[in-house]
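Look at the two complexes coming up: chain A is in both, with chain B in one and chain C in the other.
On to the complex of A and B.
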């Protein structure tokens, strides 16, 4: 069992990182949301695999919540917002795609160097995934600062949260259930508020480009 | 001795099948576009026709134009000697994966030089675009080769194939699959297939590979066309042998060899279908969008190397 489980967990962790790179690579808003949903699905399955191989039942709940909220509900909400305000389908990065990809690769190397000592001393079966989850966090941050539209920034935040969740899973088999529930609630509220914000930004400026927010002064 | 004979038979088979693979892809594309299409042996007839014709060479061109068709043909034949297709025997002592990459690079270098040689505008455009594509895709190919070299501990393609084929499922992992995905994009980019270049265009402003062949005619053109068909066959074969070689004959017995040949033909056909589907369902990318795809391939290969170290 152990060999197969480790293979499956490693494969899903690699898929989460791969989807983070896809989020950087894609130039379409709709694809961006779909890829984010795929990443959350992979993360949910990863959590389920960890739950199966360790036998901790609370990880099952977290896995189910991840798939339900992050892979189904949140993408739906973002889609609704995009339909309501008729967002153009282009991502509008402020760093061009090939350079973005190379920067994301550099961030992945950085994450590996930072995480390597921790991996050596880690005892959980998922310790190897720590470097990948740090890379996902950094790439999420990079998406937030290098994309102009408000919605892409929301997705960057969600990607960071996915990375943090995977880091928690890989270091200590997840946080206590009550903390996880709090984080989920947080994320839901954040997405709803961001949805309203995006709506207001669009109403005020007729665009989602956040660089226009600099005009918000007297 | 038997292994040497088998290796030569394998090379001969690769060289003989190359036009057939191109014919099959064209036929499949024709079917998907509701056309009847030419018969699958049409490329043989085309090559035979061209071989019988004399070639016209520009007065202003130098020896580069004359020798390029032969350089291309010879480096493809040497490359075909190194690639295991249905049995893990080849003249692998001649060179390893790195040599293979540079044999392809030599073909490309001479083709680009020959395109510049006659001084036509199209040739110059073609070679500058070819260099753009190759400078972006070559790191991806090298990195995906390094991934399998790291996994198996050798850079010889035959040893890579036999180690992966005999080690069962334990080597299947993110590293191998990501490297395979990166190499598939490289197959399309290196062989002027659709998202990068359209193989069925002549005299269009967007062409890359065809633009470099415009100055060739007759026998020289036949050699250039044939080398690019062999190149496609070799890339498809390498994609399977270096990354997912299961089914290849690792020992010289009749059942293993028979299975190896059948599996090899099935693999060729599978990728032919994949290429035909991609070419029928996608549009060619704009030239300035190409770096996105090619950097993507590089990042896939990079992730493959990284997941070898991390996981």
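On to the complex of A and C.
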């Protein structure tokens, strides 16, 4: 395969990780959603590049679905939810931004060490992207834990899922099509359900701050 | 044939959604559950006598048949119990009349996703089905739309989704290791083919994959320390749903782990995945014991007891060997029946006392003698008193542990069981015996509920006294599917 393809794929994978850092860094909700859309777009293009260089047609479908659902539809849904409940534009992190960035950097290094033995045994052209995708998964998890608003938790989950898609692409050129389609379906339904819950949490507690969800305990 | 098993709950859910009259919805739901049980019985009988069935994406062997029967039995009990219980809640105005159709539609959609978990051959489809169980049951957990049920449902969806994301990563790694062997296009996510080629899979990938899957699906099983969603969801959901969550949902997630355990122990030997199962099993029992001591709400107490039993089941399968596996399977069955009966009883007690706080309940034996006697019998069964089935299955797991020479594990197991035995019975007798706080007349629970509890406990009692030959053959057949279980 061409050297260019590998460079393009690695470049796009790096862009996905970079946007994960931006998600940690940004202090505005609207920007957060835009950056997530950008990340999904980069991921979709990455999938398209993999499809082009390997010639597997089913990856084109995955690429198209990623761009359609995760870069367009889901950000639109989240925007709508934010409009309807008039959410304040501040992210309200419980870990402050500079320390958050440091932790995210640490997670990226950790991901590299975890992925090292796996990259050795990988044969795909995208194996190099595995460390990057694990880093994205871990950073997504960190966003979920360290941000208070319900919507940011949803975005953290979606970032984790983006990381997973990149991992699947880099290890095995994605999964069988039926599985990919099912996963997309589940993600769509999950976002819709979480959207409904965000509405109800806002209506019931008059806030989106999930640290109010502390009633049930022993 | 196997598609039919999925079609029945889907159709039932649709019919329930379309009907508006409460009586008709209840009939549709009950008949749908009876049909599912009948179809499951037929399919399982066929599998046990004629061997495993492979229909492309769907696959059914003895283990799937066993799980399917659990789902069908408990969901039938739940939908019958719902008629009386949700009917009363409706009359008391806890939710609007229109929502009863949604309740039954979601209930059967939830059952369908669990049936799909049991029948899928493809590990990717199994993942989709397990995520779908969370999505289908989320609105059931938040059904009352109160502050606390909303909190429980949010935690449930978020924590389980994160867990399951890790399980997907594990599945991807397993797929990657199969692709390395067979090449692109030949690679497979069907666990039956993965099991056949387990010896050739990359051991490093397989190890990391199993850890991720155990942590991921373990979240859904309620294994400690990923269990935090479980007591909230179980205590806030409508009581029939609590029974379904505790009795079968947890077992379905455990089933997924067992499929990976089979692949992993065929390839790496039983030590690695079995050892991890034992570790998480003991940890879950210990954490459950601690929280059972602290629990103030009787539904939360029952939820922690489910964590404990999932720990016992993980321990049984982790120790392995024919005894360990049969003990684990029996424990799944006994726990599903007993815990459903206990939640059903809890629903009747709540309807009478309007509180779930253990401290505030006294003298149930005076205010509702028959219901409370049955409830107390359920508590005796769940802590492992003879002659109930859980005593036998816990004894079988004990023997498996002794045979394997796991003395440290077994002593921890016995100590934790003893602590839980004492605390649960203490709490139960506090509620059942003594004098009621204020003078109340005698009023039993619903007759239908009492009959269901009697039926479930009778099942556990029979399993404690003797093992029917058919079931015994089936369990031995399932044990042979596991490496080292023959």
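Heads up, the rule we're going with is that the second predicted complex is superposed on the first by the 214 of 218 C-alpha atoms of A that agree within 3 Å, B and C clash if a C-alpha of one lies under 4 Å from a C-alpha of the other, contacts with A are read in each partner's own complex, and residues count from 1 in each chain.
Keep this in mind: contacts are C-beta pairs under 8 Å (C-beta built on N, C-alpha and C of every residue); 3 or more make two chains touch, one makes a residue touch a chain.
Because the structure is predicted, anything quoted here is derived from the model rather than measured.
Enquirer: Tell me which partner A:131 touches in the superposition: chain B (first), chain C (second), both or neither.
Expert: After superposition on chain A, A:131 lies in contact with chain B alone.
Enquirer: By the touch definition at the top of the document, which applies to A:14: first (chain B), second (chain C), both, or neither?
Expert: first
Enquirer: Between chain B and chain C, whom does A:213 touch in the aligned arrangement: first, second, both, or neither?
Expert: In the superposition, A:213 touches chain C alone.
Enquirer: After superposing on the shared chain, does chain C or chain B touch more chain A residues?
Expert: Looking at chain B versus chain C, the one contacting more residues of chain A is C.
Enquirer: Scan A:144 for contacts with chain B and chain C and give back first, second, both or neither.
Expert: A:144 sits against chain C, while chain B stays out of touch.
Enquirer: Touching A:164, do we find chain B (first), chain C (second), both, or neither?
Expert: In the superposition, A:164 touches chain C alone.
Enquirer: Go through the superposed model and pick first if A:197 touches only chain B, second if only chain C, both, or neither.
Expert: Second partner only, chain C.
Enquirer: By the touch definition at the top of the document, which applies to A:189: first (chain B), second (chain C), both, or neither?
Expert: second
Enquirer: Following superposition on chain A, which residues of chain A contact chain B and also contact chain C?
Expert: Overlap of chain B and chain C footprints on chain A: empty.
Enquirer: Sort out for me which residues of chain B touch chain A in the complex.
Expert: Of all residues in chain B, those touching chain A are 170, 172-174, 178, 291-292, 295-296, 298-300, 302-303, 306-307, 309-311.
Enquirer: Please give the residue numbers of chain A that touch chain B in the complex, ascending.
Expert: My answer: residues 3, 7, 10-11, 13-15, 17-18, 21, 25, 27, 97-98, 101-102, 104-105, 108-109, 112, 119, 128-129, 131-132.
Enquirer: Within their complex, state which residues of chain C touch chain A.
Expert: Residues in contact with chain A: 57, 122, 124-125, 127-128, 131-132, 135, 138-139, 142, 145, 147-148, 150-155, 157-158, 161-162, 165, 168-169, 172-173, 175-176, 179-180, 184, 187, 189, 202, 204-205, 208, 231-232, 235-236, 291, 294-296, 300.
Enquirer: Tell me, which parts of chain A touch chain C in their complex?
Expert: 54, 56, 117-118, 121-123, 137, 141, 144, 150, 153, 157, 160-161, 164, 167-168, 171-173, 175-176, 178-179, 182-183, 185-186, 189-190, 193-194, 197, 200-201, 204-205, 210, 213, 215-216, 218
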